[in-house]
Structures are given as C-alpha cells and as structure tokens.
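Here chain A shows up in two complexes: once beside chain B, once beside chain C.
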Partner chain A sequence: MVQDITQFVLILAVMTGLVVVLGKWMTHLFTSPTHNIIERGTYGILGVNPAEGMSWSRYGMVLLLSNAAMMLLGYLMLRLQEYLPGDPLARGSQTPDLAFNTAASFVTNTNWQSYSGESSLSNFSQMAVITFLMMVSAATGVAAAGAFIRGLSRKNTADIGNYWVDFTRVTYRVFLPICFVMALIYVWQGMPQTLNADAIAATLEGAKQQLIIGPVASLESIKHIGTNGGGFFAMNAAHPFENPTPLTNTLHILSMLLIPSALTYVFGAMILRRRQGWAFFGAFLVMFLGFLVLVYGTEQAGNPLLTPLGVDQTQTALQAGGNMEGKELRFGIAQTSLFVTTTTAATTGSVDAMHSSLTPLGGLVPIAEMMLNNVFGGDGVGFINLVTYAILTVFLVGMMIGRTPEFLGKKVEAREMKYVMLAVLAHPFSILGFTALACLVPSTLESLANQGPHGFSEVLYAYTSGTANNGSAFAGLNANTTFFNTTIGLAMLIGRYLTLLPMLAVAGVLAAKKTIPEGPGTLSTATPLFTGLLVFVILVVGGLTFLPALALGPIVEHLMMLGGTTF
Partner chain B sequence: MDRNNTNLAATMGDLIFVAVTLLFFVLSAGFIMALDRI
Partner chain C sequence: MHKERTITHAPASISHSPFKGVTRPVLVSAVFFMLVTGLAYPLVTTGVANILFPDQAQGSLIVENGQAIGSRVIGQYFTKPGYFHGRPSATSGTDPNDPSKTVDQPYNAAASGASNQGVISKKLLDAFAERTKTYREENGLAADARVPVDAVTASGSGLDPHISVANARLQAARVAKARGLPEDKVLDFVDQNTSGPQLGVLGDQRVNVLELNLALDAAAQAHRAAQ
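Entry: the complex of A and B
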C-alpha cells in the first residue's frame, strides 16, 4: 500500500514539474513573433501568409476543412491499402464502413479501433495513415487551445491568431522533437522499430511462431504524447511490444498527462494571471485524485464473492491481491489503476488492462471520466472543456448573487452563454442519443459478449468513448458492424467539432470585448474557493446528465454483485 | 457474378461514406456561419 501510494505521488510530482518546463516552452511557441526557417519553408509550400490574423470563424473554418481533407485522404489510403506498397503479408483493404470509422477515429484524435492492427493494417498504413493522423489531430487540438487562450487574453480585436502558424509550430516545436526522443527511449526498452512485417520465433516446444512487428516505437510515442491511444496491436499497451517494461508504462502515463496539464501553465502565463493557471491545474488534479482513489480502492478490494470461496485477495509481498482479472501481472493493481485513470482522464484511450474486467465501480471510473471529459482531457480540447465549465460556473454564481458574471475581466453575456451551452449539450446529446438508438436496434444483442447491466455498459462505454474522443474500448462489444462503425464514427465527429467550434466562438467574442476593472463584487476565479466551485459544478452537471445511464450500467451491476449475481 | 456484386457493394459503400463525410463537414461549416450570426 505504501509503495503504491509512493509511486502515485512520485509520478504526479514529476508531472507537476514537467508542467512548468513544457508550459514555458509552449507559451513561447504561442507568443513568439518570429518563425524559423523550416516553418517559413512550410508556409511557402502551403501558400499561406503567416502574418494573417484570423477571426474565430475563419480559424474554425480552416481547421475544419483541413481536417476534412485529411480524413478523406486517410479513408482513401485505407480503401486502397491492398494496392499500396510495403506489405509482404498482403493484408487487404478495409471495408468502406470500417475505413470511414477508422478515418473519423484518427482525424478526431479518438483512435477507436474496430479493427485489429496486426491483421488489418500494413506497415505503410500504420505510418502514412495512423501515425500521420495521430500527429496532425493532436496538433489540431493543441493549436485550437492556443487560439482559444489567445482569444481570452486579448481585448478589442477579432484576431485570435493564425491556424497554420499554430499548427505548424506545435508540430515542429513540440510533437516532433518530443516524439523523436521518446521513440529512441522506447527502442532502448525493447519496442520494435522496423519496416519488416514479421519475425519467426521458435517456441520452447520447438514450434514456429509468427510475430507481427513494424514501426511500433514511433507510433507509441505520438500515441501517448498526442493523447491518441490507438494501438499497433489489438491488445494495445497490454502487448509486450507496445509496453515492454514498467518504465515504459510509467512513461506512457507521464506522456498522456504532459500536454493537457502543461496547458494550464500556458493559460496562466498568456493571460498574465499565473494563479489562474494553477487554480485550473488544481481542479484537474482534485478530480483526477478522486477517480484514482476510487478505481485503486475498488480494484485492490477485489470481488467480495470470491472471499467465501477461499480466495486470498489480500495484498502481500508475493501477490498483488485484489481483482487481477484482465490485468498484467508485471504492472499489478497500482500501475494499472493509475493507467486506467490517466488514459480516460486524458482521453487517450490506450489501455494496459481490459476495462471490461474491472470491478463494476472500477469500470464506472473510466466511463465517468469520459463523460465529464475535462479531467485533464485530451491535448488542447480537455483544457478548453474545463474553461467551458469555468464560464458556466461564473455564470451560475453570478446569477445566484444577482450580478453580471465576469470572467478574466470581461462580462459574460447571453451570446457566449449560448455558445457554452451548445458545447456542453452536444456531448451528452451524442452519448445518450446514440446509446439509446443502439439499444433499440435488435442486432446490438449479437454484438454483446455479456448480458444485463454489463452488456449495457459495453454499449454506453462505446459511445462515451467515441464522443469524448477517447477511443478505449470496454471489450466485449463487437463493434465492427456497419451500424456501429457508422454511428460511432458520427459520434466521434460530433464529439470533436460540435464542442470545439462553439468554444472557438467564445474565444472570438471575448477577444472582441473590452476589459473592465475588477470591483468589490467581482468573483475571483483564481482562488481555492473557485476551484472547489468549479469541480462542484462539473460533478453536479455531469451527475444530473449521466447518472440515470450509469445507474442502468455499472451502479446496478455493483449492487447485483453484492447480492451474489455477476455478468 | 459474386465478385461483381462485391465490387458493386464496395463502390456503393464508398459513395455513401464519402458523401456522409462531406455532408458532415459541410453542415459543420454551416454551423460555424450560424454561430457567427448568434
């Protein structure tokens, strides 16, 4: 127990240290007026003017259309895979519905996988489609966050920055250098990085076994730094080639938290209110710790039905104890719990354990984190989601005390609240709407591996994961059907753009406003009190929205387990 | 005959999913313009 808590504290302390280091670098990136020679060359090739200031609508339109082009390119390459070079294993093209799902998944930074990587994708597709889209989708999210913060920090202007400049700088100055270093570390730890498609190994019994290999380390590095999550292999980060050692497991966790947490520092630095950035970091951390305690506690407690059968579930020096079903022995309960909490908090979707095998309350944690979608959240969008709720909190508190709400010295009025509510409502609309639709479709039962509340959780998890752009799977649901590929694909697109675009509009509207001096009635948003209020509003709104659905899934499953029934 | 049917189904599938993709992004572009008018 002490050892487990010590490693939680150490990892979170390292993460906090990295917030400052990367936060300073990214602040420089978003505020520097100069472009380096590679960036200038890129602008020349793209034919864009880096000096052009964009309104929020132009910024959003450029972001949207560039993403559309990349999604169609990805779709095309997945459909033509069998004709493209570089695959001695001659893996076929994906079907149209699967290619749509995959392209939507990776362009939205979701990385939901209805396919198995080793049997479905060539090394060329893994690099030119999957790794490429991982990189650009993450850069899109961080660029949008940069523009969003810039909009909040400016006054009396419609200019929130230039999308191409943000996108290019984030790619060249953040993702490429960090991923290069991480890939080298991963290779050192034993991950394959090769253009060969397979290797033949001799087993202990003397049989020959085909091992699928490829450019795994390069994919793994952006997969976690970019909060992407799609695995080279079907077993994702539980596969020893994707996660060979406890060190890589720890680096995966730190990588996932790196950029979402650093953006709080960027925010504080760019709006010249450092305490505000730390207040938001505190909100992230409080929610994260709460969920970590819940999943670690329930997994370490294990399944109460096994105790009367004589199963020893206590943690000792010789065994992890607790619920080890679906977990890697080499990671144990603590590292797995931290990974589960992190991958759904940062909406990465990488998994080093099977989430379907978590205890019911342990399984509630990843679903709840994705439903809230702002416990660190994905690269860029997680921070934007948190500010969405901060504005909502300011508005609610302002209404309670009868004053016009203010945020960062600007009045929050009806127009921006409409945008905020659109962003807040699009998320549950997609999750609950598609889940309800799937429950009405008879063929859904054929896709389920479990019945009862666990089966419902599998469907709920799928649409929550898709809409939150997380991408992890609960396991137990065969999602490679035309219905699921299409509806989860649409959920991913809705979850990405219909929440992001209204918040870019908020940034644009606030950028155009003048600032007003703080008065005695101004609610300070950089205090522990506001951090507490923010967390309260997030949990209350999330609870009111999703508790009925959770009650039908993991909560009733937990109660039935206590009554002696499992699924 | 079966091969022809498979190719036809795949082509129809491509047309449908490319159309769905384009429709989504066109509607999203319209969404931006609608937001701008609020």
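Entry: the complex of A and C
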C-alpha cells in the first residue's frame, strides 16, 4: 500500500516536472520565426511557402485534405499487403471494410484494432502504415493545438499560423528525436526491434513455441508519446514484448501524459498568462486523481465472488493480490491502475491489462474518462476539448451573473458558442446514437463475449472508444464485422474532425476579435474557483449526458456482483 | 482604443482561400512523411538497436547448443510436476488435426490472448473453481487451503513469465518431491530467482518461472556430471 502510493506520487511528480521542460521547448517551437535547414528542405520538397499565414478555414482544410491523402495511402498499402515486400509469414491483405476501419482508426489517432497484429500485419505494414500513421496523426493533433492556442493569443488578425510549418516542426523537433531515444531504452529493457518476423523455440517440455517479433520498439515509443495506442501484438502493452518490465510500463505512462500535460504550459506561455496554464493543469489533475483512486481501490479489493472459492486476493509481502484476471504479475495492481487511468485519460487506448475483466466500477473509469474526453485528453485534441469546456463554463457563469461572457479578454458571442456547442454535442451524439443503433441490430448479439449488462458495456465501450479516438476495448467484443468496422470507423471520423474543426473555427473567430480591457466585473479564469467551476461543468454535462447509459452497464453490473448474480 | 491597432504579428501573406495551391503539398506530404516516419525512422532505430543491444533486439532468446529454447521475457507452458508452473493462459491456436478449428493452446506466443470475461461471468467463475481445486490437488494442499490469486487467474497477454512468491512457495514441495531434492534447497532456488521492485520502487516482487526452471535443470545436470 505504502509502496503503491509512493509509485503514484513519484510518477506524477516526474510528469509535472516534464510539463515545464517540454512546455518550454514546444512554446519555442510554435513561436520561433527561424526554420532549420532540414525543415527548409522539406518545405522545398512539399512546395509550400513557410511564411504564408493561414486563416482558420484554410488551416483546417489543408489539415483535413492531407489527413485524407495519408489515410488513402495507408488504406492502399493494407489492401495490397500481400504483394508488398519482405514477409516470410506471407500474411494476406486486409478486406475493404477492415482496411477502411484500420486506416480511419490510425489517421484519427484512435488506434481501434479490429485485427490482431501477430496474424494480420507484416513488418512492412507495421512500419510503413501503422508507425507512419501513428506519427502523423499525433503531429496533426499537436499542430492543431498550436494553431488553436495561437488563435486565442492573437487579436485583430485572421492568421492562425501555417499548417505545414507546425506539422513539420512537431514531427522533427518533438516526435522523431524523443521516439528514437525512447525506442532504444525500450530495446535495452527487452523489447524486440528487428526485421525478422519470428523465432522458433523448443521449450523445456519439448513443445514448439513460435515467437512473433519485429520492429516493436519503434512502434511502441510513438504509440505512447503520440497517444495512439494500437498494439504490435493483439494483447497490446500487456504482451511482454511490448512492455517487458515495470520500468517500461512507467515510461509508457509518462509518455502518454507528456504532451497533453505540457500543452497547458504552452498555452499559459503563449497567451502570456502562466497562471492560466496551471489552472487548466490543475483541472486535469484533480479529475485524474479522482479516477485513479477509484480504479486502484476497486481493483485492489478484488472480485468478491472469488473469496468463497478459497482464492486469496489480499495484499501481503508475498503477493500483490487484487483482481488479477487479465492482469500481468510484473505490474501488479498499482502499476496497472495507473496505466488504466492514464490510457483513457490521455485517450491513448493501449492497455496493459484487459479492461473487460476489470471490476465493474474499475471498468467504469475508462469509459467515463473517454466520455468526458478531457482528463488530459489525446495529443493536442484533449487540450482543445478542455478549452471548449472552459468557454462553456465562462458562458454559463456569465449568464448566471448577467454579464457578457469574456474569455482571455475577448467577448464570447453567439457565433463561437454555436461552434462550441457543435463540438460538445457531436461527441455524445456519436457515442449514444451508434450504441443505440447497434442495440437494435440483431447480429450484435453474436459479437458479444459476455452476457447481461457486461455485454451492453462492450458495445457502449466500443463506440465511446471510437468517438473519443481512444482505441481501447472491452476486447471480448468481436468487432471485425462489416457493421462494426463501418460504424466504428464513422464514429472515429466524427469524433475527430467534428470536434477539431469547429474549435479551429472558434480560434479563428477569437483571433479576429479585438481585446477588451478587464473590468471589475470580469470573471478571472486563472483562479482555483474557476478551476473548480470548470471541473463542475465538465462533470455535470458529462453526467447528465451519459449517466443513463452507464446505469445500464457497469453500475447495474456492480450491484449484481454485490448481490452474487452471475451470467 | 487606438493602441489596439498595433498588430504584433505580420506575416508575408495571409491566404483565405481554403483550396488554392494545396494539391501538390497534400499528395507529396503523404508519400514523403511515409518515407521519413514509416521507413527511415524504424529502419535507423533497428540498425542502432542491433548494434547496442543485439540480444534484446532479437527477442531476448535463451540459446542452448545452438537451439533457441525460449525468450527470457515470454512465459512457457509447464505441466510436469518437476517444473514450477506459470499462471493459467487463455491463448488459443489452430487445431493441429483440423486447421479450420481453434483450440486452447496455453502460452501460444504467436497469438496473445486473454479471457476478456467480466467479473460476474459464470464461465470465468467455473474456471476459477476448477483451477483452485486442481492447484490444491497438485500441490497436496488441504481442501480449504487459500490459493494465491495469480495461480488461478489468466494473465492479460496469456504469456506472463512471472508468478508471485506466494505461488512459488506453495509449489516448492511438489517440485522438491519430483526431483528428489530437499524442499529447502528448492526454496533457495526460488529466492535466487525472485526479483524485487525495479529501481527499488516500480512494480511488484515476482519470480520468473522459465529462469527458475532452467536453474533447477542446470543444477541437476551439474550434479549428474559431478557423479
């Protein structure tokens, strides 16, 4: 218990320290006027003028079209996999609906996987499709966040920056160098990094064990730093080759939180209101800690239905105890709980334990974090979501005290509130709409691995994960059907672009406004009071929207577990 | 109010048209960044990793007499009484007799897998009851003995290389009997193959089953050679 809490405190302290280091570096990246030689060469190859300023609509359109081209390239390579070079295991091409789902999943930074990595992707696809889309989707999100913050920090201009410059710099100055170093640390700890496809071992008891290997470490590092989450192997970061030691697990956790948390600092630095950045960081952290306590508490308490069977789940000097189904022993309950809380907070979606086998309240946490979608959130977009709610909070509070709402010295008016509400509503519309649709389709029952409320949770989890661009799953669900591949694919695209584009519009509209001086009636948005109000609004909006669905899934399952009802 | 007009940022040009001149950069960027991030980055990493850590980069294989016998980080399926047993594994594989069927195949490192059953699943609870009973029988424990949770639950990957110290200690008597060794000696081996939390704080105490069994085999071989 003491050791568990020590781990939590230590890891979160390191994370907070990194906020400042990376925050300073990224602020420089988004504001520096000079391009280095490699970047200038890249602009030459692309044929773009780095000095061009873009309006929000142009920035958004270039982002959308370049993502579409990358998705198409990925789709084609998956469809043509069997003709592409270098796979001794001769794994076949993906079907059209599966390739659509995979390409949509990775370009939107979701990383939902309807396939299992070992059996369906060659090493070439793992690099040229998966690693590629992981890096560019993360760079897209961070670039958008940079433009968004820039828009909020400017006045009287339509210019929110240059997409190509933001994208290229984020890729070259943040992702590539950090991922390279991290990959080497991962290999040192026991992660494979090779072009060989497998190794055959003759086990001690004389059986044959085929070990699938490949370029795992280079995928694994961008997977977490880019808050992507898609695994090289089916069982993701629970697989010892993806996560061999507690140290790699810790580095995975820190990687996932790295950019989402640092963006709060970037924000404070770029709008010249440092306290505002920390106020947002505080909002992230408060929600995160609440969810962490809930997962850790329920998972360490274990499954009450096991105790009558004579199974010992207590934590002693000789065992970590707790609900160990679907968990790895080297992580135990503490490291697993922190990972579970982080992966859906930072909408990464990689898993080091099977979420489907979490206790009902433990499993509620990842769903709830994805529904809120801004407890840190994914690279770039999580921060944008938080500001969405900050503007909503300012608006609600402004209504209550009867003043025109202001945010960062700009009046918040009807037009930007329409965009904000579009971003806020697209999310539950996609989650609840598709879940309801799937419940009406008879074939859904055949995809379920669990009966009763847990079966409903599997479907709810799938669309929540897709829409939140998370990618983790209650993995019993067989989602590789035409219906699920297509609808989850659409949910991912809606969840990504229908929140990103309206908020770029908000940034564009606010950038064009003039600032108004602060008066005695101005609500300060950098105080603990505002942080509290912000968290309150997030929880109330999320609760009112999603509580009925949660009540049908994890909550009723929890009550059944206490009552001893089984399915 | 006039001071407001100072524009802090003045780029060379501002484009409002969303589509003007985007075709080439959009198409070229997809291919170019695929080459940089999808091929150059992983290939350079592979090259450097294989120079610095050639053993780990190829899967941390344990090789004896030129033949790989396993990976240090991947669990193996053990059933013999003279070996320590790993955790239950939910992996499956193709039926060797009928390729169209899938059958249970514990510790199949070509297809990681978990039960994915929820806590109130009858199937899972039945499996727990069965495994608890078997564990007690195999290790000569009383019918109401408490069984460590890791001994009856399947891991997330199905390839977990570790068991808890509590689990290993309860198996020691069985292994000692099968090998004709004193139990204390076997417990010494357990202690030698137990790792504490990494860097003193991270993760939990654990026993690597494959390494422990290899150590027992190596000692037995050395003993035979000495005779």
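Definition applied: the second predicted complex is superposed on the first by the 560 of 567 C-alpha atoms of A that agree within 3 Å, B and C clash if a C-alpha of one lies under 4 Å from a C-alpha of the other, contacts with A are read in each partner's own complex, and residues count from 1 in each chain.
In this text, a residue touches a chain if its C-beta (ideal position, glycine included) is under 8 Å from a C-beta of that chain, and two chains touch if they have at least 3 such contacts.
In this text the structure is predicted, and so the values were computed from the model without any measurement.
J.: Now for A:Arg79: first (chain B), second (chain C), both, or neither, which partner does it touch?
T.: A:Arg79: touches chain B, not chain C.
J.: When the two structures are laid over each other on chain A, which of chain B and chain C touches more residues of chain A?
T.: Looking at chain A, the partner in contact with more of its residues is C.
J.: Just chain B (first), just chain C (second), both, or neither: which does A:Leu437 touch?
T.: Neither partner.
J.: Touch check for A:Lys418: first (chain B), second (chain C), both, or neither?
T.: A:Lys418 sits against chain B, while chain C stays out of touch.
J.: Looking at A:Phe100 after the superposition, I want to know if it touches chain B, chain C, both of them or none. Which is it: first, second, both, neither?
T.: So A:Phe100 only meets chain B here.
J.: In the overlay, answer first, second, both or neither for which of chain B and chain C A:Leu493 touches.
T.: After superposition on chain A, A:Leu493 lies in contact with chain B alone.
J.: Touch test for A:Gln3: chain B only (first), chain C only (second), both, or neither?
T.: In the superposed model, A:Gln3 contacts chain C only, not chain B.
J.: Contacts for A:Leu65 in the overlay, against chain B (first) and chain C (second): which applies, first, second, both or neither?
T.: After superposition on chain A, A:Leu65 lies in contact with both partners, chain B and chain C.
J.: Answer with first, second, both or neither: which of chain B and chain C does A:Gly310 touch in the superposed model?
T.: Only chain C is touched by A:Gly310; chain B is not.
J.: When the two structures are overlaid on chain A, which partner does A:Asn249 contact: first (chain B), second (chain C), both, or neither?
T.: The answer is second: A:Asn249 touches chain C but not chain B.
J.: For chain A, which residues lie in the overlap of the chain B contacts and the chain C contacts?
T.: 57, 60-61, 65, 68, 72
J.: Which residues of chain A touch chain B once you look at their complex with the stated criterion?
T.: Touch residues, chain A against chain B: 57, 60-61, 64-65, 67-68, 71-72, 75, 79, 95-97, 99-100, 103-104, 415, 418-419, 422, 486, 490, 493, 497-498, 501-502, 505.
J.: State the interface residues of chain C toward chain A in the complex, per the touch definition above.
T.: Touch list, chain C to chain A: 4-5, 7-9, 11-19, 22, 24-34, 36-39, 41-46, 48-50, 52-53, 56-61, 67-80, 83, 87, 107-122, 124-125, 128-129, 132, 144-150, 152-167, 169, 197-199, 201-206, 210, 213-214, 217.
J.: Taking the touch rule as given, give the residues of chain B at its contact with chain A in the complex, in rising order.
T.: 10, 13-14, 16-18, 20-22, 24-25, 28-29, 31-33, 35-36, 38
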